[in-house]
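The structures come next, written out as structure tokens.
Two complexes follow with chain A in common, the first pairing it with chain B and the second with chain C.
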Partner chain A sequence: MEIKKTALAGTLESSDIQITLSPATSGGIQIDLDSAVASQYGDQIKDVITTTLQGFQIENALVKAVDKGALDCVIKARTVAVAQRALEQTEPAWEVL
Partner chain B sequence: MADIRDLHLRVPSVKKEWIAFLASHGLSGFSDAEVASVDSVIGLFDGDRLVGTGAIAGNVLKFIAVDEGDVPGANFNQVVSELQTRLMMAGHSHMMVFTKPQYETSFGHVGFTTLAKTAVGVLLEAGAPGIKQYLTQLPGVQDQAHKQVAAIVMNANPFTQGHRYLVEKAAAENEIVDVFVVSTDRSLFTSAERMQLVQAGVADLKNVRVYPGGDYMVSYATFPAYFLKSGDDVIRYQTTLDARLFRDWVAPTLHISRRYVGEEPKSHTTAIYNTVLAKELPPAVQLIVVPRLTQAGTVVTATQVRQALANHQLATVQDFLPVSTWQFIQDHQDELLKRIAKGVNIRGN
Partner chain C sequence: MSKNNVGVDIPDSILNQYDYKPYAGTKLGNPVSQRVAPTVRAQFGENKVVDSIADVVKAEVKDGMTISFHHHLREGDQVFNEVMQVIIDQGIKDLTLAPSSLTNVMNDMVVKAIKAGTITHITSSGMRGSLGDAVSHGALKTPVIFRSHGGRARAIETGKIKIDVAFLGVPNADEEGNANGMTGDAVFGSLGYALMDAKYANKVVLLTDNIVAYPNTPASINQTQVDYVVKVDQVGDPDKIGSGATRFTKDPKELKIAEEVNEVITHSPYFKNGFSFQTGSGGAALAVTRYLRQSMLDKGIKASFALGGITKPTTDLLAEGLVNKVMDVQDFDKGAADSMHTNPAQQEIDASWYADPYNKGAMVDKLDVVILSALQIDTDFNVNVLTGSDGVIRGAVGGHQDAATAKLTIISAPLVRGRLATIVPKMTSITTPGESIDVVATEIGIAINPKRQDLIDALSHIPGVPVYTIQELAAKAEAIVGKPKEIEYTDRPVALVEYRDGSLIDVINQVKD
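Presenting the complex of A and B:
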């Protein structure tokens, strides 16, 4: 799926994650992660984001994630929201959920 | 948990409280023009007590001040987060902030990248496309390594023989010349028109490339004083940030080793800018100041062209203009005069 525009979801409040998704023409899903717990959970966070985006058939994207200690379910929810905004989809993507 | 509300500064009591809050955080002395230029202002409230504020103007975050609550950084993050969401909803996926050096780390924690800093201020950005994307996606920059590359930044409001003379000189002395046209739309000629006239005016020079300056070169974000009347200290501080951004990001990425500027006998702001460039750019980038082109004893400036247009004396400046610009003004005279009548400033830059 082609990303139509840059989108943002989530906040910078504690236990949340703010994700910005923007288009890329190549290079796969590239994630730039800011997190206080990146050394312990960085790979896990990136994995949740990548898997969720792949669920939308997004192949190439630039992702900026600013994590404030979000749990996996929050990361997934924010990724779904940002993907739907970037793809300009209004119907919930049930198969990804 | 504190909640966010809009602050309506038109209400005198709200404005008074807001100004007092900013002053208690060391932010004061800004002009009414600067306050009037913001698109929206938010307040963070703990009950009825104001504990934080921030504003957006175009794609810029401004007037950010917060009290430290029980959780360090929480109020700050909540304000910045709300402003970012609002900017995104307004269609600004790329955002910038001008702030004091002590807030650099706080913005770093919420994903901002530092573009330039001085002892009194720092300029950061977030969102996409960022400066790296902007620079690497310019067409033709790949082959600039190992070449003698020069750059010129111009507003070209409009493009004159003086601009042409400067570009020609740079084109003759270098292998490639990158011309950046100021993108901010606050001049008599729109950025699209200025871009088009520069492209038309240098079309025959094969080693010249014309690019929009984006948010990075003399933009309303990096250098508001270029567009708003400001004091010398403010001009000096903003031009220093602009010069350092060029030196630390633009020049290395595009392999630019020289920057050409026109000597500035008339505009006070631009004269300070040239002095600051001379101080900040070397040794990484050599600054070359070219004396202004004179036509029949007078210095060619775009200011005179705009003045002549306003006074219906276009014929007096025909010699100042390349055919393409002359033709454009002829064709769009009514529209331009309408803009002047509407109050577009023609005396500034």
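Presenting the complex of A and C:
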């Protein structure tokens, strides 16, 4: 799926993650992660974001993620929100949830 | 390799090179040691007062010496940076820095002094921020030695730490060096940690912004110990000396833990007239003091003494008559410092009296109940208060190892902090052995050390306080945050963690990244 516009979801509060999703034409899903727990959970955070975006059939995207210690469920929820905003979808994508 | 009593493999090269025995247990027997004494240059009423730090440094500090400071001024300290800058400017090299601890306000200056070659060795209670980060990434050639407050007192008395020059900031002093921590702009209360330096350093330099009439009483540090009194503009920022420690938490998680800790105390066999306790300065610990007050009023129970780092909620109990004596090695806020000045039942004690395992009896030996915090706790009840989950140094031993020898040692800690589990199968380093930890209290329930069957019997049926095994708590934490990737280290040691008796409990290696 084509990303229509740059979108943002989430906050910089503790235990949240702020994700910015921008269009890209190639290069797959490229994640720039900023997290205090990157050395322990960086791979897993990137994995959750990538898998969730793939659920939306997004193949190429630039992702900026500023993590404040979010759990996987929060990361997934914020990724779903930012994907729907970037794709300008208003109905819940049930098959992704 | 030698495996110590908490299962840490310690390379023989480290044991040999730095002359250590592996940690063998919390029971120390009755060790016999030889005290050392400082070199004294007699004076007969000559003027000790000088205006220039540079003159004192020039006269007294030489390459390769050991210098010390205290941390009673905490984040308001203005002495350390001023003195260190002068020492760097004079091009002095290869010093050992041996303060009672290092606070955040000192971090950047220590890093600067390391880069300049001024400081090449450090022993401290702890370090944080940019300094912890630099050391964990290999800034020093020789490993830092971390000692508890009691361990530092022991090391000073036995000559393991031989202080050449101590620079001690005080809020008042007379022209001969009689001083206390109780009056003046930079008042901080007890001088407990600095008293060791005043007694054992070869040269004692007081720095004060407040020279008072001779003779100054009560004198915690007295003129028989002091070589110089340096007049400075300001020793500390009063607003930052006791930064916000007495804030009463509204965090529901901390309140829940505090309530549980109080239940554990009041259901234990130690909660009776004449019991003694120590609480820290964390949010949950302060809340415990409030709950404990109510329980003491309800049951008509009074405590014989409160020990350690003192806060206003504790001195309030003293004023109210619920605690007979406060034995005070340091004050965390102005309220506690003021109380030391006005209430004779609040006794200033030095670090040796407080917690030294090599004297003729420390106060921690008489302690019934202590509440301590933790960065991590492992499934053997060992506690880490020194390194973060990423392996980087960001804490201090403080009195943790010393006070943990109490009859009932409770660790209050949340199950998880953000995405980090507090209770883990394997920690990044061990500070305090599980043998001395009795109960871990989290927001979902408690775990009791299986070695304490008496406590399992006493605490297993408290309404609203579920009991889990420590393994169950670790599993619950991991279910929330997921399994972390293991931290990678190089094989180069950056810090050695002593147990309070001077044996080696852990080695912290440089992090890889």
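Following the convention adopted for this analysis, the second predicted complex is superposed on the first by the 97 of 97 C-alpha atoms of A that agree within 3 Å, B and C clash if a C-alpha of one lies under 4 Å from a C-alpha of the other, contacts with A are read in each partner's own complex, and residues count from 1 in each chain.
Simple rule for what comes next: a contact is a pair of C-beta atoms (placed from the backbone, for glycine too) under 8 Å apart; a residue touches a chain by one contact, two chains touch by 3 or more.
Please read all numbers here as calculations on a predicted model, not as lab measurements.
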Self-check item: Simultaneous placement of chain C and chain B on chain A, clash or fit
Solution: fit
Quiz item: What is the contact status of A:Lys68 with respect to chain B (first) and chain C (second): first, second, both, or neither?
Solution: both
Practice problem: Look at A:Ser26 in the shared chain and tell me whether it touches chain B only, chain C only, both, or neither; answer first, second, both or neither. | Solution: neither
Self-check item: Contacts of A:Ala7 with chain B and chain C, given as first, second, both or neither
Solution: first
Quiz item: Put chain A at the vertex: what angle do the Cα centres of chain B and chain C make there, to the nearest 10 degrees?
Solution: 90
Quiz prompt | Contacts of A:Ser15 with chain B and chain C, given as first, second, both or neither | solution = second
Quiz item: Touch check for A:Thr90: first (chain B), second (chain C), both, or neither?
Solution: neither
Quiz item: Once both structures are aligned on chain A, how many angstrom separate the closest C-alpha atoms of chain B and chain C?
Solution: 8
Quiz item: Do chain B and chain C land on any of the same chain A residues, and which?
Solution: 14, 68
Self-check item: chain A partner contacts - residues on chain B that touch it in the complex
Solution: 71, 74, 77-78, 80-82, 84-85, 88, 93-94, 109-111, 126-129, 133
Quiz item: Touching chain A in the complex: which residues of chain C?
Solution: 389-391, 417-420, 480-482, 484-485, 487, 513
Exercise. State the interface residues of chain A toward chain C in the complex, per the touch definition above.
Key: 14-15, 36-37, 39-44, 68-72
Quiz item: Any idea which chain A residues touch chain B in the complex?
Solution: 5-8, 11-14, 18, 20, 22, 34, 62, 64, 66, 68
